Each structure stands twice: as structure tokens, then as C-alpha cells.
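Across the two complexes that follow, chain A remains constant while its partner is chain B and subsequently chain C.
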Partner chain A sequence: MYRYDQYDQAIVDARVAEFKEQVGRRLRNEITEDQFKPLRLMNGLYLQLHAYMLRVAIPYGTLSGTQMRMLAHIARKYDRDYGHFTTRQNIQYNWIKLEQFSDLLDDLSKVEMHAFQTSGNCIRNISSDQFAGAAADELADPRPYAELLRQWSTLHPEFSFLPRKFKIAVIASDTDRAAIQLHDIGLQLRKNDAGDLGFRVYVGGGMGRTPIIGKIVRDFIPVGQFLSYSEGILRVYNRYGRRDNIYKARIKILVTELGIEEFTRQVEAEWAQLEPLGLDAPQAEYDRIIAQFSDPEYDLTATDTLDLSDPDFAMWVAQNVHAHKQPGYAIATISLKPKRGIPGDASSAQIDVIADLAEKYAHDEIRVTHSQNLVLAHVRKADLYALWQALDAADLATPNLDLVTDIIVCPGMDYCTLANARSIPIAQNIAAKFENNVAEQRDIGELKIKVSGCINGCGHHHAGHIGILGVDKKGEEAYQLLLGGSGAEDASLAKILGPGLDENGIVAAVDKLIAFYRTARSAPEERFLDTYRRLGPAPFKEAVYG
Partner chain B sequence: MPRILTGNRLETGDVLWWNGSDWSTQIKDAVALGEEGDALVARLVAEERINDPVLVDVTGEPGAYVPTTTRERVRASGPSVRADLARGSLSTEVI
Partner chain C sequence: MDNQDQSAVAGAPSPALDDTPALLRFRDDAPFESPIAPLADFLGGGNFAAVRVDPGENARDLIPHLGRLKLIEVAFPKFRDGRGYSSANILREAGFTGEIRAVGDVLVDQIGFMRRVGFDSFAPDAPLDPGVVQATLDRYPYVYMKSADGKTPVWALRHG
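Take a look at the complex of A and B:
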């Protein structure tokens, strides 16, 4: 994985020193909260319902064991002994004290980590495929390109005050595990007819108040020119994106208002000016970064033999383990959705356990997924049983990946100042009906439930097979029910099924939807989403409201 | 309807309630304020030591005030999904 060079570290050290001074000035009352707020937000520090919340950047969701152990240390020393992994592959801490913040930043910077650009109207953490470098179906590891984007976008002076936040995702396979069509820019690595590597470029996707699926602005840009092309997109957006209305300030609105043809014309014209300026990285820099993402030293004697005589282990393998490109290896997903748990939360002790296991069994790498789980991407099959036993002992071996209890959920009104309703209890109450019966969950099959506590959609409800949106109904918590969304390569936006429901009603409604689906599916293999797409909303609506 | 004063401490982010002479981390200590509450908020905003000072509507009696909105009840009791982090003087049951 990528290691900082002296420039990366110098940039982080300088920014940390700058923000520490700004924190000191605020604590000494030398600047007002109105002056301080945009500064702290640009450094990932929010004020939430109960305390300050810090969002730490995890570039493309990749961590070393040392970095993971530091995250546990932060939770233990500066927070309340836990952290929350987010849908942007980052981690959040909910109980941070401003007076301790400078020491915290120093600790983070020791392991090449920081929190800047995790909030504010700038280019946010670059996200990617959690199976990058290990998946059998990818053309190449997408992370070197994500790393180039990270370096390009970090403190980019022209793009530090965009009309609104900006999110970029990069993948390298036809299977989309990063929801690229729901990003401001989505990049898919592919080959042209000549066999050259380049990107298909999607632009203007997003969830939130106005959900839109991204459109293709260019079907192929050579990898050697994708940075200048991205700069062209950002320049058009920065110049013409609406700054007069926060609800219309995202690039998706600009693309919609201009139309993709006119937007493309403007980007191409801008890029024609930019490309000759030599903004793209030289080949030597590509080579330097790609080399840091080279394959680990695989055990070439590793075998594919796996003893599945332990039924609990066999269940975990069937649900949470994926094929690896290297014979004798596998990709293991660690579920952060245990029984009665809070999706995405992990205690400092659990984070330490995962760091240890990554170092022992997974070539010292951990990935955070946008589904709020963790991945060990390079595990010898011969080590899977020992890994599973250690995970199970730490309550980290729930075999529920992509099943009904693997629910994406935002912090909701239990923590967030923006929320209209709580979202975590809804996820817990839905999961409670199924979590003691894994066989039933597996019979239901792939079902992606996503819960947001407000219209901003941090819980990705518009991309849920079943989406739930918390709303305020005359001072009471209420929930809208949406069906038919997908953040995968078959991207679609969930639509509202019917009137809002209360807390008990929404949980019962999901139960009814699942019961109906099990009677209506054409075959056990037909997913909930496919049954919905085949039948349309009417029978599902009848099942809930009839 | 009674109103009580709340905000977050600048240095720690802690949720606070005004007890008549100082700040408390427990809502049971809060006192209801009349028109003097608005003047107090104006003063606190100018002092810049308490973030987001605001008067919130409550029901109930002194020593047992309960905010009328879910948001403020969550602030007063702690996250409803973490009983171990509850603030103590207001049960998460009221959320």
C-alpha cells in the first residue's frame, strides 16, 4: 500500500500545525465561532448533538495494521472507546473534546493520517472497491489512480471552495462495489479496442435531496490524461455550479440544467485548453505509485483445500468469503453488523484485534467498505479457519454479508444535528426479526436495506433494495418506505411506495415486504430487487398497505 | 410553556443546561426562564464560550423537565442505542 513521501508528510504536518494554531485561537476567544466553524469543518470536526464529532480520512478505505491500531488508540484515549466506520470508507468519533484536539491530530499524523477534506465544500475522500488488488474480475488495481486523485485533490487551491462538496469513486471491474454512478465523478477503468487502459467517466450522480444517476461524459480517457480531464470537469463545475442555492449547488444539478451534451461540450473545451499544459503526472510518477500497490508476496505453495466440516465456519465462508485472483487465497469480509449491534461501530478492543489479524493473516492490510464492513483482502485459505475463530471470539464473525441484517445506516438522530429521526433503532429492530436464523436470511438472499435519518441520505436510502428515510411529521419521527434502488452496476433509484409510517409500522412493513417477496419470487435464486423489477410496485404496495 | 436554556461547552462540546447561576450537565438541574432567558442567550452569544445557546420548550415540573422535541430529548438523555452512555437524569425511555 502507499506510503507517504517527504512531500505528503510535509503537507500534513504543515496543515496540522496551521489548524492547531486555529484551535488555540478559538479556545483563547481570539476568533468567533462563526469564523472558526468553516475552519474546523475543513478539518473534519463537527459539533453534533452530544459533543464534537471527528471524521478521519481513510483514503480509498485502505489501512495498515499500524494505522488501524492508532484508530483504536484514538477511540480509547480521546473518545468513548469506540469508532463508527462510515459509508464513505472513513471513521467517525462521536465524543471528541476540542481542548484535546491538537494532541489527537499529532497522534494521527504519526501514522500518515489526518482529517482534512472530510467535510466542507471540497473534494472529499476518494473511495474505491474494497476488493481492489484482490478481485479476480478487475483489469488492474484501481487504487494507484485513486491515490493520484488524492494527491491532486489534497489542498488543491482552486478547488478548496467549490459550490458544494464533491465525491469521486474509482473502480476497475464491471462489478461495481463502490456505487460509482452515484458519485459526482465515477471512474471505471477499462480497455479500448487497442488494449490501452483508460477510464469511462460518469458525472453528476448522487443521492441526497435530488437523487440522480450519473451520466457518461466520456467513454474513454487514457489513464495518462485522466487527471487533467478531471480538472476540466471541476473547472466547469467551479465556474458555473450554483452558489446561490445550497440545494441546487451540486454538480448533478448543473449537469441536469445544462444537459449532458452541453456539459460535455464545455468540459471538452476546457480540457482542450488544459491538456497541453502538462498537468498530468509523468509516467515515472505513475510507475512509482503503481509499484507501491504491487501484489504482496504470495505463498505460491498455498492450496485451495478448505476443511468445511465445522458448520458455523462453513456458513461464514459461504457468506463472507469471496474468490481471490491468486490460487490458494481468499477475500474475507468482517461484518460490523452483529446481533443487536450498531452498524459500522467497533470497539477499540475489536479494532486492535482486527489490526493484529491483518498483520498475522492478511499481509498487513485492512479495507473499509461503503457498506460499513471491513475486509481482509489477502488471506491464505489455509488460514481462514484460524482467522474465523479469532474473529468469532471478538464478535466479528457474523455470517450476514449482503443479507437482510447487513443494513447500512447513518448515525441518525441518536447523534446527528441534521437528522429528523433516529435510524439505528430501525435497523436494529428490522435485524432483530432475522438475526437468530442465518438459514432464513440466506433463504431470503441478497437484500440491501439502507436507512437514512434525513434527506441528506448518508444511509444511501435511494440505493437500497429497500430504502427507509426518516422524516419529521409534526414533531414526531416518521419513516418513508422506498423500493427498487441499487448502487451496483445496475444502478437505479428507489421510489417511495406509499404513505409514511411510524417506528413500529416501518419495521412491520419490511416484514410484510419480505414475506410477500418469498411467495412471489419466480425461483429461490431471484433476488428481492429482481422480483420488484419484474412485478413493479403495485403488489408490494398491496402487501404493505392493502 | 416553560423554556429552559441549553448549549454546548466550547472546550469539550458537552451538552449543558442553565441551573440559574451556572451550567450543569444534567437536565434535572435546569431552571425555567422567562423573558430574561432571551437576554441571557444574547449575552452568551456575544461571549462566545457556549456554542449554540438556545431556549427549548419543555413540559413537566422543576427537577423533571422533559423537552417537547425528540431532538432535545436525545440531547438530554444520550443516544437511545447506547444505554451505557446515558446521561442519567433523563431516561432514554422518554425519547
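Take a look at the complex of A and C:
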């Protein structure tokens, strides 16, 4: 994985010093809270219901055991002994005190970490495929390109006061594990007919109030020019994105209002101006970064067979372990959705355990997924059983990846000032009906439930096979029910099924939907989403409201 | 790309306070004193050497006229509105070597970014402390990406 050189470290150190100075000016009242707000947001510091919330950047979701252990240290020293992994592959702490913030930033910078550009109207943390570098189906590791984007977008002088936040995701496989079509820019690495590497560029996807699937603005931009091309997209957005209404300020609205043809014409015209300026990094820089993401030193004698005689282990392997490109190796996903847990939360002790296991069994590398789980990407099959036992002892071996209890959920009204309704208890109550019966969950099969506590959609309800949206209905919490969304390569937006329901009603509705699906599916392999797509909403609506 | 004030960037720019107290300049030539025309008036054919570009206006409209312009003001009615950064960068990319002045809600924490995209004078609504400005401009030893100030990005330093 990528390690800082003296230049990276010097920039991070300067940024930390800058923010300390900005905090000092705020504490001395030399700047107003209104002026301070964008400065603290650019450093990941939000004011939440109860305290400051800090979002720490984990570039493209990849971190080392040492960095992971620092996240545990932060939770222990500055927070309430836990952290919350987010849908942007970052980690959030909910109980930060401003007066301790300088020390916290110093601690992070010791392990090449920071909180820059995890909020604010700037280019946010770049996200990517959690199986990058290990998946059998990828063209190349997408993370070197994510790192090139990270550097290009860090303290970008022209694009630090954008109309709104800007999110970029990069993948290198036809299987989309990073929801690129729901990003401001989604990049898919591919080869053209001549065999050259480049990106298919999607623009203008997003969720929130106005969910839109991204459109292709260019089918192929050579890898050597994708930074200047991104600059072109950002410049068109910075100049013409709406600034009169915060809810219409994302690039998706600009793309929609201009139409993709006119938007594309403007981007191409802008890029024609920018490309000759030499903004793209040279091949030597690509090579330097790609080398840092080279394969770990695989054990070429590692056995490819696996003893599955322990049924609990076999269940976990069947559900949470994926094929690796290297014979003798596997990709293991650590579920952060245990029984009665808060999705995405991990205690300091658990974070330490995972750091240790990554060092011992997984070439010292951990990934955060946008589904709020963790991945150990390079595990010898011979070590899987020992790994599973250690995870199980720490309540980290729930075998529920992509099943009904693997729910994405935003913090909701338990933490967030924006929320209209609680979301964590809804997810917990849905999961409670299934969590003691893994066989039943596996029979139901892949089912992605996503819960947001307000229309801003941090819980990705638009992309849920079943999406749930908390709303305020005359002072009461109510929940809308949506079906048919997907954030994967078959991206689609969930549609509202019928009238909103109360807390008990929404939990019961999910039960009814699943019961109907199990009678209606054409074969056990047909996913809930596919049954819905085949039959349409009417029978599902009848099942819930009939 | 415009490199005309490389020396001011690479050397130690001392933000000399001009006789207009609020004006902060990073140029050696004398400040231009004459009426500053709104963009529409300028494009309408008036004989002006200074023009003002507001956030919704297209800086590219000035490109045919850069040779007769000494000063282009770029307005920042609200510091959060970042369109002016693109305006300045576009003007420098087109080869403009005259003064580009950021006017309005210009805060010290923006000056570093503004210098990078080609602004070389500042008329903030609220006066800035020159010491804090200097500390801000001296803070970053390296930059990751090219911009109008001609600073060498780290990828070029790495591969000299």
C-alpha cells in the first residue's frame, strides 16, 4: 500500500499546523463561527447533536495495522471507546472535544493519517473497490489511480469552494463494488480496442434528495490524461454548478439541466484548453505509485484446499469469504453487523484485534467497505480457520455478508442534527427477526436493506433492494418504504411502494415483503431484487398494504 | 500559463500595504488608478483599461481584449462562492500578465489558494493582518498540482 514520502508528510504536517492556527484564531474570536465553519469542515469536524463529530480520512478505504491501531487509540483516548466506519470508507468519532483536537491531529499525522477534505464543499476522500488488488475479476489494481486523484485533489486551489461536496470513486472491474454510478464522478478502468488502459467516465450520479444514476461523459480517457480530464469536469462544475439553492448544487443537477450532450460538449471544450498545460503527472509518477501497490509476497506453496468440517466455519466461509486471484489465498470480510449491534461500529478492543490479525494473517492490510464492513484481502486459505476463531472470539465473525441482517444505516436521530427519525433501532429491529437463524438468512439470499434517517440519504436508501427513509410526519417519526434500488453494476433507483408506516409497521412490512418473495421467486437463486424486477411493484404492494 | 510573477512567489514576498489601506499587492508596478468598468460596459465598447468580473460572468469574454487591460477585478461577494478562482486561472492560462485583484469577502484563509490561481492583489472588505497573511503564504513547502503560479508540483520534484 501507499507510503508517504517526505513531500506527502511535509504537506500533511503543514495542513495540521494550519488548522491548529485556524482553531486558535476562532478561540480568540478573531474569526466568526460562520467563517470558521468551512475551515473546520474541510478538516472533517462537524458539530452534531451532542458534540463535535470527527471524520478521519481513510483514502480508498485502505489502511495498515499500525494505522488501524491508531484508530483504536483515538477512540480510547478522545472518544467513548468506539468508532463508526462509514459508507465513504472512513471512520467517524462522535464525542470529540475541540480543546483536544490539536493533540488528536498530531496523533493521526504520526501514522500518515488526517481528516482533510472529509467534509465541506470540496473534493472528498476518493473511494474504491474493497477487493482491489485481490479480486480475480479486476483488470488492474484501481488504487494507484485513486492515489493520483487523492494527491491531485488535496488542497486544490481552484476547487476548494465548490458549489457543493464532490465524491469520486474508482474501480477496475465489471463488478461494481463501489457504487460508481452513484458518485459525482465514477471511473471504471478498462481497455480500448487497441489494448490501451483508460477510464470510462460517469458523471452526475448521486443519492440524497434527487437521486440520479450517473451518465457516461466519455467512454475512454487514456489513464495518462485522466487528471486533466477530471480538472475539466470540475472546472465546468465550479463555474456553472448552481449556487442559489443548496439542494440543487450538486453536479447531477447541472448535468440534468444542461443535458448530457451539452454538458459533455462543455467538458470537452474545457479539456481542450487544459490538456496542453501539462497538468497530468508523468509516467514515472504512475510507475512509482503503482509499484507501491504491487502484490504482497505470496506463499507460492500455500495449499488451495480448505478443511470445512467445522459447520460454523463452513458457514462463515460460504458467506464472508471470496475468491482471490492467487491460488492458496482468499479474501475475508469481517462483518460489523453483529447481533444487536450498531452497524459499522467497532470498539477499540475490536479494532486492535483486527489490526493484530491483519499483521499476522493478511499482509498488514485492512480495507473498509462502503457497506460498513472490513476486509482482509490477502489471507492464506491455510490460515482462514485460525483467523475465523480469533474473529469469532471478538464477536467479529457474523456470517451475514450481503444478507438481510447486513444493513447499511446512517447514524439517524440518535446522533445527527439533520435526521427526522431514528434509523439504528429500525435496522436492529429488522435484523432481530432473522439474526438467530443464519440458515434462513442464507435461504433468503442476497438482500441489501439500507436505512436513512432523513432525505439526505446517508444510509443509501435509494440504492437498497429494500430502502427505508425516515421522515417527519406532523411531529411523529414515520418511514417510507422503497423497493428495487441497486448501487452495483446494475444500478437502479428504488421507488416508493406505498404510504409511510410507523416504526412497528415498517419492521412488519419488511417481514411481509420477504415472506412474499420466498413464495414468488422463480428459483431459490433468484434474488429479491430480481423477483421485484420481474414482477413489478404491484404484488409486493399487495403483500404489504393489501 | 502565466509565470510573470514567479519572483514574487519564489522569493520572499513582503505584502506591502499600499496607500489604499485595504489593498494588498504582490506586484512591483504602480497600482492602476482609473475607473473600473463592469464587464457589460467594457464589452459594450467603452475605452477602459480596468474591468470587473462578477461571479456569474464569463471571464473568457475578456480574452480578445487582454492586451489593453491593466487590471481585472474579480468579485467575491461571498467567500463561499468559488467561481472567481476559475476566472483568475482562465485569465492567466490565456496569458494575461496584468493585475488580477480579488475584491470583497476575501479572508486570510483563501489567500494561499488565490495566489496559486493567479491573483496578485487583494482588496478585502475587512483588513487583513499582513503578518498572518505572510505566515499563510509561507506555510506549504510543496504543492501537489500545477496552477497559474507556476509552482513545481511534487510529481515533478520526485522525478526531477
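Heads up, the rule we're going with is that the second predicted complex is superposed on the first by the 543 of 546 C-alpha atoms of A that agree within 3 Å, B and C clash if a C-alpha of one lies under 4 Å from a C-alpha of the other, contacts with A are read in each partner's own complex, and residues count from 1 in each chain.
Basically, a residue touches a chain if its C-beta (ideal position, glycine included) is under 8 Å from a C-beta of that chain, and two chains touch if they have at least 3 such contacts.
No experiment lies behind these values; they were computed from the predicted model shown.
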Notebook entry, point to check: Taking the superposition as given, does A:Ala515 touch the first partner, chain B, the second, chain C, both, or neither?
Noted result: neither
Notebook entry, point to check: Looking at chain A, does chain C or chain B touch more of its residues?
Noted result: C
Check: Looking at the overlay, what does A:Met413 touch: chain B (first), chain C (second), both, or neither?
Finding: first
Check: Looking at the overlay, what does A:Ile496 touch: chain B (first), chain C (second), both, or neither?
Finding: neither
Margin query: Just to be sure I read the superposition right, which of the two partners does A:Ala136 touch: chain B = first, chain C = second, or both, or neither?
Written below: neither
Notebook entry, point to check: Regarding the shared-chain residue A:Leu155, is it in contact with chain B (first), chain C (second), both, or neither?
Noted result: second
Notebook entry, point to check: In the superposed arrangement, which partner chain does A:Lys97 touch: chain B (first), chain C (second), both, or neither?
Noted result: first
Notebook entry, point to check: Regarding the shared-chain residue A:Ala318, is it in contact with chain B (first), chain C (second), both, or neither?
Noted result: neither
Check: Counting only touches as set out at the top, which of chain B and chain C does A:Ala538 meet: first, second, both, neither?
Finding: neither
Notebook entry, point to check: Which part of chain B faces chain A closely enough to touch in the complex?
Noted result: 8, 10-15, 48-49, 51-52, 68-71, 74-75, 78-82, 85, 95
Checklist line | Residues on chain A engaged by chain C in the complex (per definition of touch) | finding: 5, 7-8, 10-11, 14, 17-18, 21-22, 25, 31, 35, 38-39, 121, 151-152, 154-163, 235, 238-239, 243, 273-274, 277-279, 281-282, 284-285, 288
Check: For chain C, which residues count as touching chain A in their complex?
Finding: 1, 55, 79-83, 85-86, 89, 93, 107, 109-110, 112-114, 116-117, 132, 135-136, 139-147, 153-159
Checklist line | Residues of chain A touching chain B in the complex | finding: 26-27, 29, 32-33, 47, 49-52, 80, 95-99, 342, 413-415, 419, 421-422, 424-425, 428, 475-477
